[in-house]
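Next up, some structures in structure tokens.
You will see chain A twice below: alongside chain B first, and alongside chain C after that.
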Partner chain A sequence: MSLKSKFPIIGVMVMAMLVSGCNGARETDQVAYILALGLDKSAIEGKVLVTYQIAIPRSLGEAGSKIGEQTSVNVSIEAANLAEARNLLNTRMARLPNLSHIKAIIIGDELAKKGLVEVVGPIVRFREFRETMYILVVKDDSAYNLLNKLKPRLEFLPTRYIETMMLTARESGYFRPTQIHDFYQRMKTGCMSPYAALVGLNSFDRYQPSAQKSPREKVDEYLPGGVPRKGVGNPAEFLGTAVFQGNKLVGYLTNEETRILSILQGDFQNAYLVVQDPLKPDKAVNLNARIGSPPKIKARLANGKLSFDVSVLIEGEVTAIPSGINYESEQNRKILEHAFAQLLQDQANSFIEKTKTWGADVVGFNYYARPFFPTYDDFMKADWRQLYRNADYKVNISVKIRRTALMWRTTPVRQLK
Partner chain B sequence: MISNPVLKVLQSILRLITYQPPQQPEPFVLEEEDPVKKTKPAPAQQELQQQLLHTQQLLDYARQLAAYIEELIAGIRRNMPAAELSELTAKYDCFKQRQLELEPLLSAYDEHVPNPEKLFSTSLEQNMKIIKKLYNIPTNKDPVLREFELPAEPSRQALLVYLDGLVDAQKINLAVLQPLMLLSRNCANGNDIISAVMSACLPSNQVKEVYQFNDLIAAVAGGDTALIVDGSTTTLIIDTKGFPQRGIERPQIEQAIRGSQAAFSERLRSNTAQIRLMLPSADLVTEIIPVGNQVSTNCAIMYMQSIASPQLVAEIKRRIKLIDTDYILNTSLLDQFLEDQPWLPVPQSLATERPDRAAANLMEGRVAIMLDGTPFVHIVPVTLHTFFQTVDDYSLSVPAANFMRFLRIMGAILTMILPAAYLAISYFHQEALPTELVLAIAGAREKVPFPALIEILLMEFSFELIREAGVRVPGVLGSTIGIVGAIILGQAAVAANIVSPIMVVIISITGLASFTVADYGFSFALRLARFVFLFLAATFGLVGIAIGLLIMVELLCYMKSFGVPFLAPTAPKTSSAGHALLRSSVFAQGQRPDELNARNNRRQPPVSRQWAYKKPRKENNP
Partner chain C sequence: MSYRPGQMGIAEGTALAFILTFPRVFLTTPVSHLDNSATLGWLSPLLAGITALGIFLLLHQATSGFSGDIINISQQLLGKPASWLIVFYGIFLFMSNVVLLLRQFAENTLLTALPSVEFAIVTLLYAAIAAISAYLGIEVIARASYLILPLIIVAILLVLLLLYPYYQFYNLLPWQGNGISKTISAGFGSAGLEFALFGLLVLRPAFQNNRTVRTSAVYGLGASTVIVSISILVFIMVFGVAVGREKVLPFFEMSRLVYLSRYLQRIEALFIIIWVVAGILGISANLYLTAYLFSRLFKLPSLRPIIPLLAITAVELAMIPSDVASVIELDRYMVTTYYRWGIYIIPAILITTAWFKKKKKVDACR
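Presenting the complex of A and B:
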């Protein structure tokens, strides 16, 4: 076949290309990049308040963008659902919305309490939403307020702030980054409790510890908004966890309870633990801790009652001994390890008690109880919420101090007479 | 006419504003030759009969002459009596008379035979006439005809023919004219003056005999001198080459940091000599095949007799011999006559200006093709991998060489698909980029009025302009073009919001990457492919790029260079010689490339570093 006789074929192919192509192509100046999506209960019955945070590309494109320049704009629409909201967005914004860069879905307190089933389903189904988006719940406030008040000082984009926040959660373990995929999966299993990172707005005039301190505790527990802060600036506070039952918000976990959740799930990366000095109760000892071995959970079923044995090893490095007691010595170290273990164990017990009252299996104990039910249907028939409430939990947290940082023998500070 | 001042003024104004045909000499127009005039009118019947008569006369004369000669020979053999002899002598005079009568007919017949294919005649005058006609003397001023007398017994007229400027005057003076004029008196005797002169009077290193004008022209065109002696049909060609010639210079295009610093030059013989110096072996064969019908140029093919596949050598020779064209200017043109797929932009032979590279390739079983007048040697057959290799790869350590190879491969890939990938992602797959980057791209493009495709084409076009301008401008201005181009395109275009800064980055990286491609022809192929990919990306996004890559791989798989699959040893998979994509240690490269089917596939034993397995000998200190 000569080249000349191929020309009609090539011509048809090129024409086919030209006719069919370019359908999905979008110039960057035709697209509005949505960074975050806020969802709230609307004042109008049967509607949702949808807040789109839309990036202003101009402010990022030019070299030497000024600090404090507005990098995003918020658009709020009250609509029956997300699809209608998108249509309505098109009535006031010239550009086509692109949802693939949404970093976080922020859900207002009231909507979370009402139930999320109508919201999360479409998000998982529609292609443009990524399932790696983070899901956040605003405590005692609306997503609308959070998105409008979120003004980070270091980052250009507010969502970059949220993203970085989620990536650095491992530093303190005070909140758990949750992606929409995990949330949806837990929601659909029926027996697991979905949870989401909790965020709040601080009014800079409150000191509101959320619980009584146990004897060994030296630090306060907080929920978002309750941390005593001074000055002005970004009011957002990432702390604790919002716990759902089914698709409804049932309660909050404090920062310390969130940390216990991480420990029990074996996802505890790093945190500074503070405990009362066992030998000098007015002082505290600090430990930089991480999980030493993943938690071993054993389940037993006797007389229709479940019991779980949980054992976790935490290891760490002492970072501060203000009392000057030589905890590096073999004997003292054991005392210190015991004190830390007791602290965590107390916290774990109170955490489990709290979740029992909600009947919310946040940790995922049901996974270990499944062997006692021969089929999936059997398990679904059993009332897992009740079983969870009635079960016995024996948490055994052991602590090993591996290193004592850069000092190997502590001596008290000498007072000159 | 009334001469009235007002009328005069009016007339002059009228003259100003009305059109007047300009007074110009008739311009020169190159006229097409009238095809009707070109064909000669058919000769009239009468003229044909005349010609027939003439031919018959000539034939008659020839037959009679032959009979006469036979009679004469027979007569001499049997010692014929004097009476008979005188009769024959009378007959001889008669023949002589007739010959004079027939002379005009004979010369008219002679003119119909094409001159270059004619044999030399015994008459120097006749030969000179033909040479003058062949060389268009006196219009043509290059040829020099030097007449002189050979002082032999009896003395004879002789003629030297050479081209002014191609010969060494010193050599002609001292090694040709001087001995011929002075010495031939002693050596020349009898009829066989040519062989006598050749054996005793010409202290020149190369002298050969020719019998045709054709050979004389070819030899004289190469700077030799022809010696024609009256009365002899043999002409001597004497080597007197002395034309201006470029020396051996440093490589201009394939520079190597370590490695030989010599490059090929224009003269075929100097090039073959350079390769021969690199490979001092009797095994290296140089075959010379003239190409071109009207003006023939010498084409040399070189190969290692004991390595190169004989089938390959035969095929190359067959292709070169079967080229039917008037003239071939250089090796690249020759290459286009030879290659398997002339309509694909991918080069199918390796043009190199480095004798060391040519030598290395010959040692692998490839064949070098060179043409007189081209400072490049083309190596065939080649595979795709060849174009990623440089001489420096082999002078550096294995990790360093492979790093450079990797860079070059990445460079080739970037050259081809970076702009297309950018376009595809910014048009179709915006979710594939980090948010900040997408916003930075979008932000930078905010003020640009064109679609990204137009923007990218604009930049590509400008970049190609700079590149083309850089090649075409005189050397002194070359660097200026680079700077001006960079400033205009990079800064001004961004400042004027014609293109976005990110586009400048993309095009710059692409441009830079295209310069890492080792072969000029290959880099051209990649640049062409880039535009195809650009349009595919603009219509289909990454899917388009994937389609393009697929088609490209298919084409490359289909390609062959002198019967060798272009993607070997990757597809078809054969054992590699250890330096196809990345390179292994030299001592581990035990085999020659499998796809070349060399006569001797093994170049060294599996253990080539014998010393590593032998015990070091201890020096005994006395």
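Presenting the complex of A and C:
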């Protein structure tokens, strides 16, 4: 083979060596991995309080992973914005901050009310942030407090705890895992309301239901911090939803309202529903429920007014009948199905009324009205806040009891004289 | 002449047509479809592809009775001065494509994978690899493309499938987008994106026969167009128009969003390799076509010596724009002006002339 014909082969080999190098690479002991980012309104005008939760890799290793050992450290900085906070973080920490492993962005209540447009924009733009990060709002408290008080027992890392909470959220439907991707998309379109999972700190000395019970409701509704809890432990509570209008926080949905949101969005995976026993009102009946078929939402437009017909099928398995009434029989089963359906329907109606007062289309009803607009520009020009408020909603939730668990005929407990 | 090509078959031709028309899906081009057609943005590339393929097949059919490559044919049809102009225009198109792709792929490497590397080094490396590939010849580029083709298609379809949890079909509504007429006009207007397909006619003698060229164009551009259209469809479903319009790298953003579980996420690093390979092969093919046209124009005995010169020139030109936003704007401008004229006007002249010549011949026979 002549030298001339060897040239390309040599060239390819040289290139392979050059391009496979680790240009710009850093050893792991040069990098500080930030796992969560807390953002609060600062006491200093024009600044934000940024709290970084940074992993301590040494304590996460096999040798160092002892229960109770500190696995992360929190650093808080007041700065004009996120970029400046990062610069300032670098002045006190030897390792280079790396944001690409952030699992959650936690927003303090006050900042959320002030508006997030200056916060979310850079997060979506900067390469190290990922749109799969979860966004949470701390009710009546700061992200700083939450990150400093968050002490999970079962997980080594607080962020692993948050991530696991989000991945298992569909088991109760009491909070909605929200990623930055969804939040930003809703914020940008302007016709849907962004929302975020709501979190709070429990002081272990309160019992504070957040709403009046509806007639058929047997359980209390809560917002974070209001659940009656005893003892010591992790004070964090994930319950409910923070609802935004544009980029500002306008209100909260309770745990039950959040579950209705899941049902109307067709994302209700599994939860226990509790209803007043229709034949013995001092007792309750439990149903392990899930969505039977995705919600069918039909939109109509007449004289500039929208109306929506929503029909949802919930199916489930009875898990407890403390009254001993034979609800497995066809006649009684129908009574029970009706009671559950009525409970959910009442909750859905009050959920819609509540969001109408904010003009906040949390469910995303506007998707179903899009066919009425000939072009995208026409759709974007519509005043969705007003359309949502003025629209009529007819919700029809039906419940089908498919199974009765391991019993097929309940009999009452014999009362001995 | 040493640059006289070999005998490429349908497989190589298909891969070549694909790699010449596909790499822009990894750049900002899908966003311009959203700008033009909003929720109907997925239709624009289909229309552009069908238009380009239609013109290609017409030109191919019209010139099938003539021998040689497109330069010989234009000489026979229009005479030497006009054919030189066409070759000059071809050089301008392919070279500008090399420059634009080089700059954008280099910028995107910095943006996505290697933020601390010097921009000039990345550009030089890209150009050097493209030059070596072009030096090895068009068959090597085509076969390398053929090897990577299944990987590119599978990788793209995999990303699109893994994004299933984020699909929001209602993001495709209102289905008329910015209006049907605007979409059709945008579709025809962006046909210039596929001008590089005509590289197959430039290299016609490299193929086994005319049927090979035609079949390769249909399969290559067909696959490229369908995948680009599906990618944009998924992009709209996942990001919506309002957010989608803001993105610089739609495909990268889509791959970054894959999150099926704690254990299946952060897979974009795998796809960066795919699009870098596709980009370099695209640049190589365009560089080869530029060198080929140069050597034909100046009747050079070999095209190989001018490849390094063209590569260095491309690097220099790629570094002229001061920022990436200007490059994206320039790319859009080129597609909607020079590339568009290239795909409509030159073929129209050649088809009309060929038709008249054929008619004249038939009349003379009578």
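Everything that follows uses one rule, which is that the second predicted complex is superposed on the first by the 393 of 417 C-alpha atoms of A that agree within 3 Å, B and C clash if a C-alpha of one lies under 4 Å from a C-alpha of the other, contacts with A are read in each partner's own complex, and residues count from 1 in each chain.
Everything below uses one rule, namely that a contact is a pair of C-beta atoms (placed from the backbone, for glycine too) under 8 Å apart; a residue touches a chain by one contact, two chains touch by 3 or more.
For clarity, every value in this text was computed on a predicted model and none was experimentally measured.
*Asks:* Just chain B (first), just chain C (second), both, or neither: which does A:His181 touch?
*Replies:* A:His181: touches chain C, not chain B.
*Asks:* Classify the contacts of A:Leu167 with the two partner chains as first (chain B alone), second (chain C alone), both, or neither.
*Replies:* In the superposition, A:Leu167 touches chain C alone.
*Asks:* Does chain B (first) or chain C (second) touch A:Arg130, or do both, or does neither?
*Replies:* In the superposition, A:Arg130 contacts both chain B and chain C.
*Asks:* Pick one for A:Arg58: touches chain B only (first), chain C only (second), both, or neither.
*Replies:* Only chain B; A:Arg58 stays clear of chain C.
*Asks:* Touching A:Thr189, do we find chain B (first), chain C (second), both, or neither?
*Replies:* Once the two structures are laid over each other on A, A:Thr189 reaches chain C alone.
*Asks:* Is A:Thr375 contacted by the first partner chain B, the second partner chain C, both or neither?
*Replies:* Second partner only, chain C.
*Asks:* Scan A:Pro215 for contacts with chain B and chain C and give back first, second, both or neither.
*Replies:* Neither partner.
*Asks:* Pick one for A:Pro8: touches chain B only (first), chain C only (second), both, or neither.
*Replies:* Only chain C is touched by A:Pro8; chain B is not.
*Asks:* Using the superposition on A, tell me which residues of chain A are in contact with chain B and, in the other complex, with chain C.
*Replies:* Shared contact residues on chain A (touching chain B in one complex, chain C in the other): 18, 24, 130.
*Asks:* In their shared complex, at which residues does chain A touch chain C?
*Replies:* Residues in contact with chain C: 7-8, 11-12, 15, 18-19, 23-24, 127, 130-132, 163, 167, 179, 181, 184-185, 188-190, 364, 367-368, 370-371, 373-380.
*Asks:* Which residues of chain C touch chain A in the complex?
*Replies:* 38-39, 111-112, 114-117, 121, 125, 128-129, 132, 135-136, 166, 168, 170-171, 173-179, 239-243, 246, 253, 256-257, 259, 261-262, 265-266
*Asks:* In their shared complex, at which residues does chain A touch chain B?
*Replies:* Where chain A meets chain B, its residues are 3, 17-18, 20-22, 24-29, 31, 33, 35, 55, 57-63, 98, 100-101, 103, 128, 130, 156-157, 159-160.
*Asks:* Per the contact definition, I'd like the list of chain B residues that touch chain A in the complex.
*Replies:* 343, 426-428, 430-431, 435-436, 438-446, 451-452, 500-501, 536, 538-541, 544
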